[in-house]
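Presented sequentially are two complexes of subunit A, the first with subunit B as partner and the second with subunit C.
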Partner chain A sequence: MNPTPDTGGAPDALRWEAGDTSRIPFAVYTDEQRHRRELERFFYRGHWCYVGLEAEIPNPGDYRRSVVGERSVIMVRAEGGAIHVVENVCAHRGMRFCRERHGNKKEFVCPYHQWSYALNGDLQGVPLRRGVRQDGQVKGGMPADFDPKQHHLTQLKVAVRGGVVFASFDPEVESLEDYMGPTILGYFDRLFNGRKLNILGYNRQRIPGNWKLMQENIKDPYHPGLLHTWFVTFGLWRADNKSELRMDAHHRHAAMISTRGSAGQATGSASQVTQVSSFKSSMQLEDPRFLDIVPEPWWGGPTAVMTTLFPSVIFQQQVNSVSTRHIQPDGHGAFDFVWTHFGFEDDTPEMTQRRLRQANLFGPGGFVSADDGEVIEFSQQGFESKPGHRALAELGGREVGETDHMVTETLIRGMYAYWRQVMEAPL
Partner chain B sequence: MNRDTAALDLSLYHELQALYADYASAVDSGQWDLWPGFFTEDCVYKLQPRENHERGFPLATLSFESQAMLRDRVYGIKETLFHDPYYQRHVVGAPLVRRRDERGALHCEANYAVFRTKLDGPSTVFNVGRYLDVVVRTPQGLKFAQRLCVYDSEMIPNAIIYPI
Partner chain C sequence: MTTPRWTDVAAEADLFEGAGIPVAPEGHDIALFAIDGEVFATDNLCTHGHAKLCDGFLEGHEIECPFHQGRFDVRSGAPTCAPATEAVKTWPVKVEGGRVYLDLG
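Moving on, here comes the complex of A and B:
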């Protein structure tokens, strides 16, 4: 018999052992019903989700298929240059009609019955709407009161800032700027400061773990200096680097800010960093071009800022490598993780080459990031085998707050404080 | 058969086939140190999703520009990258020689499929694609000056650790 209480049933049956969010029930990762509620409350209502980059659709008619939560959407640039995001579900029979990943179109046509839509999603054509004429009589067709204005594609609310496109199914959602809050907006604008972006390419991986674990991974400054030997050995991410952890007022978004090569400013356990077993003093690169780091003016100091925008995206600046990482859930136990690496319009060819080389550290094969997907998979395995148990997030205390060091799990506690507010609220 | 493949001296084609077979055998053997030896010093090795390749996006999942970088990767596989251990098994088609350039280098390609077997699981199709290679003769025999692995399996099942 299982000695631990079974709390994995209905979505409201969670037991928060410490009262606060310093102990997280495994069941937040394992329950399909709870996952449906998360999709509804985080991805489809009251939140902005990342869709893509303007630079992916530079010309009128350019479109790219994307995802909000588990729903397929299309990001498209209309004739006048405006960007629309419409749901990839035909208003007639519900078919997910857009199958290409990207392209250029004058209109969207569902092949099933050739209902056609303008690029903003408005219904413009319904074949045989007025029936056929046979023997002098009109036969069939849509009812006389059929109103095409009532049957457009779902049109999402769209916000574009700094070349990044966000969308929301919720017409009542607050402004993108209010949604981010001033602190996170500052770090967003630091990276997306108005320069045109230059797409370098994509990496895609399917990670068999709950989507929140990826948010937590980038709200957890404890692991990089331990799991990622590369980071600690080359000083890219060390517990004794000068660092800060910042959040929005709701504690749902966060920025982990670190400055390389400023070791020695922390005290206590952080100063023990060179004692950790993943630090390899003898490790040297045979080809140092992997770490040919050149500071850029827009950094304004920090060499790494990892920003988590809840629930759907991570913005990466790790030295010269910049990317967006899009979280696309698929059930409670898996998500697709899509990386879009980019550069800026004023990059020299050398800088582009540098960004591409440093991209070897990241993505599904990266010297650093490949093991993030692995540990998420194995965490999920642990959760599934005993959903009545709980994880610890007690490093740095049990409260939630910003810090000037990284030896804390405060960002994870903050995210779950927000998660509880939303998930435990009555309908 | 492609005209340039047909025009190749039989012994040279045999040598080329042996290179492909040796490579597959080496990267499936778990002896990662063998891998850089199939390349020239200033080689290019890339593992790239087909979409990036066909749309002209330069990003690759792995992008190495020297044999030294391959040795750094081997160190990473052996010493720094935490991962679930797995076996891999390459099945590589016969190389097709597209052309022989003015310096004698062979521009060839071959389809490949890599199966992954984790210790407690079934064998699954892991990565499927096409090698786009430039093979040159060196005093140590034929070597890859370029090996571009352009993969159809764009949704990577979590992580790729070992060489394709």
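Moving on, here comes the complex of A and C:
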């Protein structure tokens, strides 16, 4: 028994049964007060959060509403082309004024009292600031010392790399590059290597489970070959694929890298991955173009790299399907999961079609990803029913380290080692 | 050139320094401004938000919109301060015998 200091006044101190993070208390998923502290410590301080893609706002005035933690923000391109991220909270009465998901504007105006803001969040105008003239006298209005410069929208720190936009409420946050660390940055740059992105479309889903379960899902290479029978049947994932698990120095971010084995491997341009009689030969795809996989030069070998950037986003390359998956918490027991499917400026029309077809694997109705939404919901149900219990994450040992195989939960243990470090620190 | 159509819209004595007054000849919504003894006329509706310039505040020859503090030069109608970006229409003015006349064209 390791008596863990659990600062911050959560009602039940966490009990890490094994001392390390190989046994995870259910209570990390079930407590609202602890959730508020996670938001404060992971989403609002010291971390970069994913906001969107530059390609979503190509023109001056284009904006897109997004989320950092549970705070609504607006990603916007100003006249000069610079990207700003401002909080969707009016400086006057705190109203979440922007209701549209996206659009193009010259300025932001809160409908309540028409306070108006420039695209960078600066306050432009306050109705009746100088009062109203009645019977030759000016009455009311803001005090003479009211200074619009002090009442801008909250302007987040912004970092853009490879067409991906990140923001932080913390002006002291380290650089995005230091935040990712060299290993994860390498996998990030492999996917976002400077080519312009084309937005192909979105999926959105509400998953009734704790947000960390989505991070864990993509730090868990044990489940795809077992839960996702589709993967196995059609040869996209096998436990014996050549693979690696890599992490940043804090063990908060990770990359799961795998290369399809020869059993289903396409060789040459004409081959198809559906030659996988070793799995379940009786199952055939009605439309074999669905797995018309064409290796791309930028892969540099791996056929799938799933990158978890803690706490807010997952970057997916699963053969020709590439997407970002944005984790948007809503209380301890639910999150919205927003998928942005994209392609690259040099894609042929055939490649665009291929990416779109393969995107059917993913999203709330995807042949593979529908499974994840369900198991996360059912896990949360288990946690809520007995929050004093704990989960196991002992596969592959109890320590944390990089591996060259998939039969391990080391990335989950690593994430909780970091989680404990941050959550248990005194303020 | 059409002949000017001078229309009596107000008494000069109704005007005062520092702000405008609204007039509505033939259904037009127009603001009159008196500055150092001279009179200027612009459309009353701000080109930015839905505010009346006659409710604004004059700073020299600039009228500041009461809603969002955009500004226009009342001599030319040109926008001089964001968020105003679009000029406001001006009207020709003459003052004769204590009456203000606008050319409604």
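By definition in this document, the second predicted complex is superposed on the first by the 395 of 427 C-alpha atoms of A that agree within 3 Å, B and C clash if a C-alpha of one lies under 4 Å from a C-alpha of the other, contacts with A are read in each partner's own complex, and residues count from 1 in each chain.
Note that a residue touches a chain if its C-beta (ideal position, glycine included) is under 8 Å from a C-beta of that chain, and two chains touch if they have at least 3 such contacts.
None of the values given here were measured: they were computed from a predicted structure.
A.B. asks: Check whether A:S72 is in contact with subunit B, with subunit C, with both or with neither, and answer first, second, both or neither.
C.D. replies: neither
A.B. asks: Residues of subunit A touched: more by subunit B or subunit C?
C.D. replies: Between subunit B and subunit C, the winner on subunit A residue contacts is B.
A.B. asks: Which partner does A:G365 contact after superposing on A: first (subunit B), second (subunit C), both, neither?
C.D. replies: first
A.B. asks: Please work out whether A:Q114 is in contact with subunit B alone, subunit C alone, both, or neither, and reply first, second, both or neither.
C.D. replies: In the superposed model, A:Q114 contacts subunit C only, not subunit B.
A.B. asks: Thinking of the overlay built on chain A, is A:K106 touched by subunit B (first), by subunit C (second), by both, or by neither?
C.D. replies: Touch status of A:K106: second partner only.
A.B. asks: Just to be sure I read the superposition right, which of the two partners does A:L227 touch: subunit B = first, subunit C = second, or both, or neither?
C.D. replies: After superposing on A, A:L227 lies in contact with subunit B but is clear of subunit C.
A.B. asks: So in the superposed three-chain picture, is A:V126 touching just subunit B, just subunit C, both, or none of them (first/second/both/neither)?
C.D. replies: Second partner only.
A.B. asks: Across the two complexes, find the residues of subunit A that touch subunit B and also touch subunit C.
C.D. replies: Residues common to the subunit A contacts of subunit C and of subunit B do not exist here, since the sets are disjoint.
A.B. asks: Once bound in the complex, which stretches of subunit A touch subunit B?
C.D. replies: Residue list for subunit A touching subunit B: 101, 199-208, 227-230, 233, 278, 280, 283, 285-287, 289-290, 336, 341, 352, 356-357, 359-360, 363-365, 367, 370-371, 373-375, 377-378.
A.B. asks: Help me check something: in the complex, which residues belonging to subunit B touch subunit A?
C.D. replies: Touch residues, subunit B against subunit A: 47, 49, 51-52, 55, 57-66, 68-69, 71-73, 75-76, 79-84, 154-161.
A.B. asks: Spell out the part of subunit A that touches subunit C in their complex, as residue ranges.
C.D. replies: 106-107, 109, 114, 116, 118, 124-130, 132-133, 136, 148
A.B. asks: Where on subunit C does subunit A make contact in their complex?
C.D. replies: 16, 19, 49, 51, 55, 57, 64-70, 82-83, 85
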